[in-house]
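Presented sequentially are two complexes of subunit A, the first with subunit B as partner and the second with subunit C.
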Partner chain A sequence: MATKTYAGVNVEVTEEGYLTDPTQWSKDIAAEIAKEEGIDLTDKHFEVFDYLRTQHEKGVQLTIRMVGKSGITDIKGLYTLFPGGPLKKSSRISGIPKPTSCV
Partner chain B sequence: MKKLVVLGAGTGGTIMVNKLRKVLDRSEWDITIVDQHKTHYYQPGFLFIPFGIYNRQDVVKPKADLIPAGVKLIYNAIDKVDPENNKVLLEGGQVLPYDYLIIATGTRTVPEETPGLKDKLWYKDIFDFYTIEGAVALAEKFRGWEGGDLVMAIAELPFKCPVAPLEFVFLADHYFHQLGIRDKVNIKFVTPLPGAFTKPRSSKMLGELMNEKNIEVIPEYYIESVDNDKKELVSYDEKKIPFDILTIVPTNMGSEMVERSGMGDDLGFIPTDKFTLRSEKHENIFVLGDAANIPTSKAGSVVHFSADVLYENLLSAIEGRELMAKFDGHSNCYIETGFGKGSIIDFNYDTEPLPGTYPLPGIGPFGLLQNTKMNHYGKVLFRWIYWHILLKGKEMPIENEMTMAGKKL
Partner chain C sequence: MAEEKKEMPLKKVMIIVAKGTIEDIYAGLVMANGAVMEGIETKMFFTFFGLDAIIKKRQNKSKTSTVGNPAMRMPGGLPFPTLLGMLPGVEAGVSAMMKSQMAALDVPPVDEFIEMIVAGGGELYACKLAFDMFKLKEEDLDDNVKAVITVGELYEMSGGEGTQIIFT
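Presenting the complex of A and B:
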């Protein structure tokens, strides 16, 4: 655990930089985390965050496939929005925990 | 007469009817089990077929031999469940009303979900080993093969028996060593996971084994399509991996029957209470094994351990009592590592695979997260145990709940 300051707010983050309390999240915080990931945010990114945060609140275990079928973007589009690690990066920027891959 | 209907006569359905026929009074309860296929496959054995260790005869028995007297076995495809009216509709029009329903229809591989997978190279240079047909075709391919790029890839999560692809590459390493052509075979392990496996300790141990055996792990790779002309995998972020032989775990989905019934999630798995194993929507429906969406491995050991919980809870439900038995997500996997050795992992919803001894703390004989000959013998013996003890629902000298005794933190 560590404390970080994003957009003037002190937040707790995990070793890998994921917010420990999703309710502390704001759009300004998102923009700063995104900067660390080298991503400039667009409206499309925020649509993805909305979806992720809503699903997370419902207790749904998110997968790339699920987001690809959300109607916001397809999987290819998700990779374009969040190059490298779409679900990990989008989860981190939207303030929800690191996705767990369950096999 | 009250009616219990079980859908699917695989590992889960077979265990359940064997257990339940002994306790549900025959003058009060009809038990019916439905499956479209007449052959029961010992699925853990499929892995050995490509390497000529087992053949088709080693992994089959007629389902009828495994279902106890007093249970009605119907060979018929299932159209759908009508949960609002407590009925199962079979293809051809037969209707089975039920008081309680157990759905154990498992998971299936759906290569059609990945463009280019089931195309002109299917069963020529691209194989799965999760079906008897794929495993046998791959055995034939290997026999005449002189080497090249052998790529083992996983299309989507979750998938059945998550250690099987690891075992496959370990056995392939051994097999091509024996043939004297290992230096001509380039083995790659391609996975959407962040490493060789999921959880930190087992991923590390298995990753090191991969390294020792000169198998390249390509993690976080999400397959978009297969290019049949260039013979390469293409990922969503356009990384390409060439292959001469591609062994694939296709996307796993629940039964089409579940989809038709409108009871599944986006992959056709049924939302199920992960502790009680009851359907989240319907009080008189329980879901066993791979068909459920519970967050643990899709594996025979999970079916076996959770069968005890489902059994308790179904009897409680029938008697109008609260469901007290809670499944802990216990999973236990033998991992063949080649050269006559094996490893074992034992874990549940909350505890990752840890090193130690199993099943007797401090004694074993099996070593958790260790690579030993004894573990391999365990896997070899298990086939007999499966047919004669496990499917019959008999007591085994291991607990269904995971224990921390014998594990080292």
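Presenting the complex of A and C:
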């Protein structure tokens, strides 16, 4: 557990840099975490975050297959948006916990 | 943040699938998809009965063997007698159950799983020896298969620091 400052806000993060409290998340925080991951955010990224956060609130165990079927983008698109970590990076930037699914 | 780790990150995996039961095929596919999702370069090599995973007509019809599988259990957890596994329809029933249990965890059918792996940059290869032995044709194979290659070519692709060959 550690405290980090993103966009002037102090937030608690896990050792791997995931927010411990998704409600602390904001678009500005997302932009700064994305910068750490080397990603420039677009509207498409935020659509994915919306989807992930909504599903996470519902208690769904997320998979890339679900995101690929969400209508926002397909799986290839997801890899393009979040190179090298379609589910992990997108989860981290959207302020939800590290994915717990194996698919 | 975490202290500095001295581990070498895994950069490339070569995943070999040589058997054609549901669980053998999926073990390889889950490992490969997981690797792609971690940003690890991933190549799969299908050989012998593992080729079923990339044969269009068979890839979604794999079965779990209900004989000679001492680890298999009944739904309640009791051991599954091998004799029972020989009865007509039991293998089909068990296989359908395996698939439905995996579908409940959002594990896709084999053809779609392959699409996902390829969408993430993973590559699929068929073993030339087994391909010739089973008298297969290129058109029998899933369109996502990149090439039919020899074992020598597999090793040529396996170079580079941080590469592992995984035989499932």
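Keep in mind that, in the parts below, the second predicted complex is superposed on the first by the 101 of 103 C-alpha atoms of A that agree within 3 Å, B and C clash if a C-alpha of one lies under 4 Å from a C-alpha of the other, contacts with A are read in each partner's own complex, and residues count from 1 in each chain.
As a working rule, contacts are C-beta pairs under 8 Å (C-beta built on N, C-alpha and C of every residue); 3 or more make two chains touch, one makes a residue touch a chain.
Everything numeric in this text was worked out from a predicted model, so none of it was measured.
When the shared chain is aligned, subunit C comes close enough to touch A:17, but subunit B does not.
When the two complexes are overlaid on their common chain A, residue A:83 makes contact with subunit B and with subunit C alike. In the superposition on chain A, A:9 makes contact with neither subunit B nor subunit C.
When both complexes are overlaid on chain A, the residue A:101 reaches subunit B and subunit C alike.
For subunit A, the partner touching the most residues, choosing from subunit B and subunit C, is C. Once the two complexes are laid over each other on the shared chain, residue contacts for A:75 go to subunit B and to subunit C alike. When both complexes are overlaid on chain A, the residue A:66 reaches subunit B and subunit C alike. When the two complexes are superposed on chain A, the residues of subunit A that touch both subunit B and subunit C are 61, 63-66, 75-76, 79, 83-86, 101-103. Residues 1-2, 30, 33-34, 37-39, 105-108, 112, 115-116, 119-121 of subunit C touch subunit A in their complex.
Taken in their complex, subunit B has these residues touching subunit A: 156-159, 162, 192-194, 197-198, 220, 222, 224, 236-237, 266-267, 295-297.
Against subunit C, the residues of subunit A that register as touching in their complex are 2, 15-17, 61, 63-66, 68, 74-76, 79, 83-88, 101-103. Those residues of subunit A lying in contact with subunit B across their complex are 61, 63-66, 69, 75-76, 78-79, 83-86, 100-103.
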